[in-house]
Amino acid sequence: MYFSKQLLEEVVAANKALAASGLAPLTWGNASGYDHVRGFVAIKPSGVPYDELTPESMVVVDLDGKKVEGDLKPSMDLKTHLEIYKAFPHVRGVVHTHSKYATSFAQAGQGLECYGTTHADYFNGTVPCVPSPSVDVVNEDYELGTGCSIVSYFQFHDIDSKQVPAALVKNHGPFAWGKGPMDAYQNALVLELCAEMAIHSLALQPDLEAIPNYLLKKHQTRKHGPDAYYGQK
Amino acid sequence: MYFSKQLLEEVVAANKALAASGLAPLTWGNASGYDHVRGFVAIKPSGVPYDELTPESMVVVDLDGKKVEGDLKPSMDLKTHLEIYKAFPHVRGVVHTHSKYATSFAQAGQGLECYGTTHADYFNGTVPCVPSPSVDVVNEDYELGTGCSIVSYFQFHDIDSKQVPAALVKNHGPFAWGKGPMDAYQNALVLELCAEMAIHSLALQPDLEAIPNYLLKKHQTRKHGPDAYYGQK
Amino acid sequence: MYFSKQLLEEVVAANKALAASGLAPLTWGNASGYDHVRGFVAIKPSGVPYDELTPESMVVVDLDGKKVEGDLKPSMDLKTHLEIYKAFPHVRGVVHTHSKYATSFAQAGQGLECYGTTHADYFNGTVPCVPSPSVDVVNEDYELGTGCSIVSYFQFHDIDSKQVPAALVKNHGPFAWGKGPMDAYQNALVLELCAEMAIHSLALQPDLEAIPNYLLKKHQTRKHGPDAYYGQK
Amino acid sequence: MYFSKQLLEEVVAANKALAASGLAPLTWGNASGYDHVRGFVAIKPSGVPYDELTPESMVVVDLDGKKVEGDLKPSMDLKTHLEIYKAFPHVRGVVHTHSKYATSFAQAGQGLECYGTTHADYFNGTVPCVPSPSVDVVNEDYELGTGCSIVSYFQFHDIDSKQVPAALVKNHGPFAWGKGPMDAYQNALVLELCAEMAIHSLALQPDLEAIPNYLLKKHQTRKHGPDAYYGQK
């Protein structure tokens, strides 16, 4: 086997979840998973409807994008996924969507600030809006450039990609990542719900301030890290 | 039995209703019930998906939070529920959600004024937005502090918790209560629907005034109290 | 039989349609029908869930509200329905809802102007927002007063109730009517959809002007009246 | 056969898709297809509910609107469809809806600018809002005039109808077209989703600028034309 069977099935499940949740109308989204033992990535094939996806139809590539397994062409956004995996080694799943509210922030060129505990439970502060690639980069390698834009923004601004597992690409839409494909999907879903609530909150209070920092930290620590007390573990 | 079987089933039903109605995406909400005969509270276990809930998986505690029955950890928000039960003795059910529109008001730090008869049928005036706990309180006992914030706001401002069975916690979201878990759920649902309509009404008329007091009172009295004539009783 | 069997079934169907379409969450809406041969009105019983409704559970009254048939109490809004039937003799069905967008206009105290052909196909101009009854009227007979408010507004402003088959009651919500219960339901549904589109259009263009009169008239005449050419008749 | 059997079935499917997707509530929308071999157009019959549609119930006409096959009256909007087929010879399917967000732009008299890559993947720039026909034209032949308004706007402003396969008619709603009825339907769906996101983006940034031209072109060329690399071809 070139790829973990269980992870491959999770990649399929995450892609189907994109459709079922409404985050990705038509074929506007893709999920991938990273098998760190073998060093390979499995990703949705380009343009194939979600309900036709099977483990066999996934495309398996190495971190340079060389195809290892699969008859189909990978998602156009593959290189963006690969940049994220290469730069953020803890990541095991990446998701891209054109979900409505997150994309509306991306189109507005506006990062999603943290206005409440719903956001604070998942993202340690603002989900940034990173620049879209410049005209030169687009002409050379657009999808690679999109990945570089995300990664360099996080590095330059010293944002922890573990604590802020998503980015909005200006004029484009959200990318989210996580401990696996389903975790990345969940982060994409939470991003969308928080983006919707932020739009309504900003309509009520255009000068809205972000959540106080001590509340943000409290929600991060009660749900994540060594002192977490959420859930049954 | 440590807890009324019928009430326990209603706690499960209220938790499942949170998911089915969309008020609580993922596991973002919890319902509890208070068995006033035995003096015990049953609440959702932390982090467990709604469709896995059974009467047996509920966690039963006394009003001090000491576990009486159940193998799982209770919802993190337990202490907030307990404060509400202790301060408002008529309450037999409490519900917490991150429903979109009510949470948007909470994030904006804005109480939900009564703009129409839909609201007036359920809430006798503004559903207040209470402060989130201070940094000291958060460091000591956050969830207890959230409960205290609700209760002390109602006491200080002399709001009747029977006539206004809900509160918005700033930067967090809504808590609702009632004569039982399903009644609390219904109040949470009505709060969400009224919050949505308020946002649209405020978009049309930013200087919108609250409903005249005589109309508010009329709707309260025709639906609640000794002179009510709504329904079949 | 005290009431046309077919019309009674249509009253039930219109009430169920209110629930199925989402126009009436919980029990927030009611439909009635007028049997003009017998002079009786059948209406939803108060507070009964829509899925429990049967022809037998409907309440049949005369135009003075005296019960002719049925074991249950009629909808609280009965007297409002009766005023509409008495003042607008062409009406054979009345529907009341708290549908979100129409109610948001009512809460804002704002009539729904005609901004497009969707509206023009059903309503010949603005659906007015009529005042809620005064404190004296509310104290004496609120629901009767609501009906009088609608009727007198149409009479005073010389609005043709056939061509504008709906009204918004300030701080309350919409009433719609028509050639039968299902036609009234459809007018309530169109009102809601037009109210939603109007809110979005007004967000884009706060100074939005109404549709030119010649377009409004064209849409009225191609769908209604002797020169209509819509549909298969 | 007067019409391609396969295309006729696609016309039915596109009409049913209008209902299933929510783009066309009630009977507010219609789809047609153009059989360029025979020179005939098949269109939805006027006022017939979508779930009753069959290939046999479609109305087949020539490009002058003369009926060739079918017992029913064609959609009122037939002449608008015909103008589009006659002026844009590459078109094989046309769809008209009153979908909420696209119609809100039409009501606001505002074209839909391209704010992101979702839009850029389908429409090469602004989807224009074309004037509604003048009073004289409406009096003479309204539906023909609507078609002329679309066609002449595209011709006068030198917009490529292949690259911008949709238009908003002021005070009315969207028309979309494409390589077949289902492609036209998909363009109508994308238009609606982009209109919704544009409204949210404009709420966040009222002075929002369109996407940079090089990004627009990149998304057009990677999905359409000889250098496209989207999908499995």
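We just call them A, B, C and D in the order they show up, numbering each chain from 1.
FYI, a contact is a pair of C-beta atoms (placed from the backbone, for glycine too) under 8 Å apart; a residue touches a chain by one contact, two chains touch by 3 or more.
Labels paired with UniProt names: A, B, C, D = L-ribulose-5-phosphate 4-epimerase.
Computed from a prediction, not measured in an experiment: that's the story for all the values here.
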item	value
Shared interface numbering between chain D and chain C [over half = same, under half = different]	different
Chain located farthest away, centre of chain A as origin (C-alpha)	C
Chain A and chain D, separation of their C-alpha mean positions in angstrom	33
Rounded Å distance, chain B centre to chain D centre (Cα mean)	47
Shared-contact residues (touching 2 or more other chains) in chain D	203
Full enumeration of touching chain pairs	A-B, A-D, B-C, C-D
Chain C partner contacts - residues on chain D that touch it in the complex	25-26, 28, 45-48, 72-73, 76, 98, 100-101, 103-110, 132, 135, 138-139, 142, 171-173, 199, 202-203
Chain C contact footprint on chain B (complex, rising order)	115-118, 186, 189-190, 193, 196-198, 200-201, 203-205, 208, 211-212, 214-215, 218, 222, 229-232
